[in-house]
Amino acid sequence: MSILRAALLTLAATPALANDPVVLVQSTTSTQNSGLYAHILPVASEALGLDIRVVAVGTGQALGNAQRCDGDMLITHARAAEEAFVAAGYGTARHDLMYNDFVIVGPSDDPAGVAGADSATEALSRIAAAESPFASRGDDSGTHQKELNLWDGIADVAAASGGWYRETGSGMGATLNLAVGMGAYTLTDRATWLAFENRGDHVILNQGDPALFNQYGVIPVNPAHCPNVNAEGARAFTDWLLEDGQAVIAGFMLDGEQLFFPNAGD
Amino acid sequence: MPDPTPRVIPFQPPRPADPPALRIEGLCLSRSGAALLNGVEMTLSPGGVTALLGPNGAGKSLLLRVIAGLIAPDAGRVIVPRAMQGRIGLVLQRPVLLRRSVAANLRHALALARVPRRHRAPRVGELLALGNLEALADRPARRLSGGEQQRLAIIRALAANPLLLMLDEPTAHLDPQATHAIEALVARVTEGGTKVILVTHDTGQVQRLADEVAFLHQGRCHEIAGKSAFLTHPESAAARAYLTGKLLL
Amino acid sequence: MPTLSDSFLTALGLIVSGDADLIEIVALSLRVSLTAVLLAALIGLPLGAVLAVVRFPGRGLLIVVVNALMGLPPVVVGLVVYLTFSASGPLGVLEFLYTPAAMIVAQTVLVTPIIAALARSTLADLLGEYDETLRVLGANRFDVVATLLWDGRFSLATALLAGLGRALAEVGAVMLVGGNIDHVTRVMTTAIALETSRGALPLALGLGIVLLLITLVLNAVVLGVRNRMEAHAHA
C-alpha cells in the first residue's frame, strides 16, 4: 500500500505553488462563481504564506464534507445550519464575514407581475397565485434554505413540486441556466447573478426586502472533532478574513458594482 | 481451456510392451447425436508416410485432432509409442499463423517447446533453410502466399523435432511447383526418422510420397494397406468406389 | 444562447493565445487520465485475458459483472472513492482527497471494467482462432494469455482509447474527489462545469471544443501509430 501510495503521489504530484501549508476551504458556490476567491486568495496566500484551496459545493454539502473532516474551514451562508454545526462541536466558532442580498429574477415580461410587489413574500405569493414556473435549487444549499423560509406560510411548495414549482437539485448556475431556458422565476444571491453571463432576457424583478438579506459566515473546523485538520492555518486565514481581508472583500467589484459587503466587526 | 497435455487418451498405466507403432483402438466420437468417428481401428507402420484417404466429411481431420490430443474421444484410445509422446506435430487443414513475422512465428514455437533461448536463433535459421523461407524471414507471416504459408506452418510444426508429424491436406490449394516443394520437404522429414501421417485427396501424391494408405469412410477405417496394393487392388468396396469416383456419400 | 460560432472563436482564441491556465488544465487532464488508463490497463488487460482463456467457477457471472460495470455512473464511483478517501473514511490517512491522486484512483475504477470487458471480447475472438494451434504447439495457459495479449495488441489499443475517452470525458467522479480546486485539481471537464454554472456558455463550449480536439488528436495519433506498426510488423 505504501509503495502504491508513493507511486501514485509521484505520478499525481500536485503542481504545488510552493511548499506552503495547505488550508482547504469548503465553500458555497456563489463566492467562487462570482470570482471573489480569484480576487482575495492571492492576497491572503501572499500575506499568510498559506496554500489556500477552495472546494466549492452547496452549503449543505460543504457542511457535510467538513463534518467528515474533509476541510479545514467553511465559508457558507445558512446561519441556522452553521450554528447547529458549531453547537454539535464540529466547528470552533461561527463568525459573520460579509453579506449581500438575494434577488428574485425572472423573465422581463414578468407574467406573474412580480415587479410591482412591495415585498419578497408578496412577490412569491403572486408567483404561486399565477402558478408561474419557479425554479428551486432543491439541494439544501444556503439559497435553498433561505427560499424555503420565504415560502413558509405562502404556498405548499412540496405539494406543487413537479408542477409550477421545479426543483433542479443542482447548483445556482445550473438552476439559473434552467430558469433562463424555461422562462422561470428563481431566487439567487446577487453576486452569482451579477457574475452570471447567460442571463437571456431575465432581469431582477424584486429586491431590497430585508428578508432577502444574505449573511455569509466563516467557521474553522474543530480540531477536537477532526484531529487531522490544519487548525493553525484555518485560524490564520479566518483571522485574516475578519480583519485585513475585510477591505479586500470590499474592493471586489464587478462592472463597477460591489458584490460583497464585509461586516465582521458588526 | 482444456488441459493440452494428455497425449494418450485416456491415460493408461505403462504397458508391458511398448508398441513400436501408433495404434488406434475403437475410437468413437459423437457430436449432437451424430457419430463422427465410429470405432476407428488401425495400426500404422512405424516409419515412413501413411496417407489418410477418404471422402469429404469422412472424419480425417477429426481423427488427426484426436491423435494430437486436441479432442478427447468418447470411447477407445490412441496408443502412442513412449518415445513419440509429447513429440507430435500437427499442421491443421487451415493453418493459423500468428500475427508476427515469419521468424517470430518460429521463435514463438521454439519458446513454447521450451527450447532454451540461446538455441533458438540457430534453430530458426535451420528451419528457414529447410522451408526455403530465408528471404522472407522478416515478412509478416499472414502476408505470405498460400504455398509459403503452408511451408511455414510445416517448419513451425517441425520446430520441436517431432517424431510424429501430421499434415492435413498441405497441398490442397497449391500449384504444382509449390506442391513439389512441400513434397520434397515431407520426404526430407521422413528421411530424418519422423513418422508422417498425410491427409490428401491427391492419388498422385499418394503414389509419390506414401508407403501405406489408410482409408476412412463415415468415421470408420475400412482398409489399411501398402500403397501399391491399395492403389491397384483395394479390398474394401468403399475404397474401390472412392478410387473410381463412384463413392456415394 | 451562445452561437456555435462564438464558441468556435472562443476555442480558437484559447488555443492560439496559449492561455497559461488552459495549458495547466489540459496538462492535468492528460496526466490524470493517461495515468488512470495506464493503471487500468495493467489491471484490465490481464483480467480480460484471464476471463477469455481460463475456465473457472463463477467465470460467467464475473464476465456479466465486468460488462455491467462498464456502465457505472461516474458520480457513483466518485462518491465511493470520496467516502473511501475522506478523512473519516477507511483510507483517509493517505490524504488523497482533493488531490490528483484521488482523481486517478476514481478514473482507474471507472476505466478498468471498460478495458477488461473490451479486452475479453477481443481476446476471446482471437482465442477462437489461435486455441488449437497454440495447444498443438504445447502452450500452457500462461503462454496462451501472453500470446493473445501480444498478438491482440493492435486491437487492444482500441480498448485503451475507449478507456481514455471515458476518462477524459467524465466529470462526476473527478469533481467529487478532486474538488475542482483552481491550479490543483481543475481539469477540462470540471472547468467546463464551472463555466457552465457561471453562465459563461461560449467559454464552456469553447473548452468543450478544445477537449474534443485533444481527444481527436490523441485518437488520430494512437490509431496512426497503430496502423503504421501493424502494417510494418504484422498482418
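Letters A, B and C mark the chains as written, and numbering starts fresh at 1 in each.
Operating definition for what follows: a contact is a pair of C-beta atoms (placed from the backbone, for glycine too) under 8 Å apart; a residue touches a chain by one contact, two chains touch by 3 or more.
Everything numeric here is computed off the predicted structure, so don't read it as measured data.
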Chain-level touch network, classified as line, ring, star, complete or other: line
By mean Cα position, the chain sitting nearest the middle: C
Between subunit B and subunit C, centroid-to-centroid distance (C-alpha), Å: 47
Cα-centroid distance, subunit A relative to subunit C, in whole angstrom: 33
Whole-Å gap between the CA centroids of subunit A and subunit B: 79
Where subunit A touches two or more other chains at once, by residue number: none
Subunit A contact footprint on subunit C (complex, rising order): 1-2, 24, 28, 31-32, 35, 86-89, 92, 94, 96-101, 103-105, 179-185, 194, 196-201
Residue ranges of subunit A in contact with subunit C within the complex: 5, 8-9, 11-15, 17, 24, 29, 32-33, 37-38, 53-56, 65, 68-70, 171-174, 176-177, 180, 195-200, 226, 228
Residue ranges of subunit B in contact with subunit C within the complex: 1, 4, 65, 68-70, 86, 88-90, 92, 95-96, 98-101, 108-109, 111-114, 140-143, 156-157, 159-160
Complex contacts: residues of subunit C adjacent to subunit B: 53-55, 127, 129-141, 143-144, 147, 151, 154, 233-235
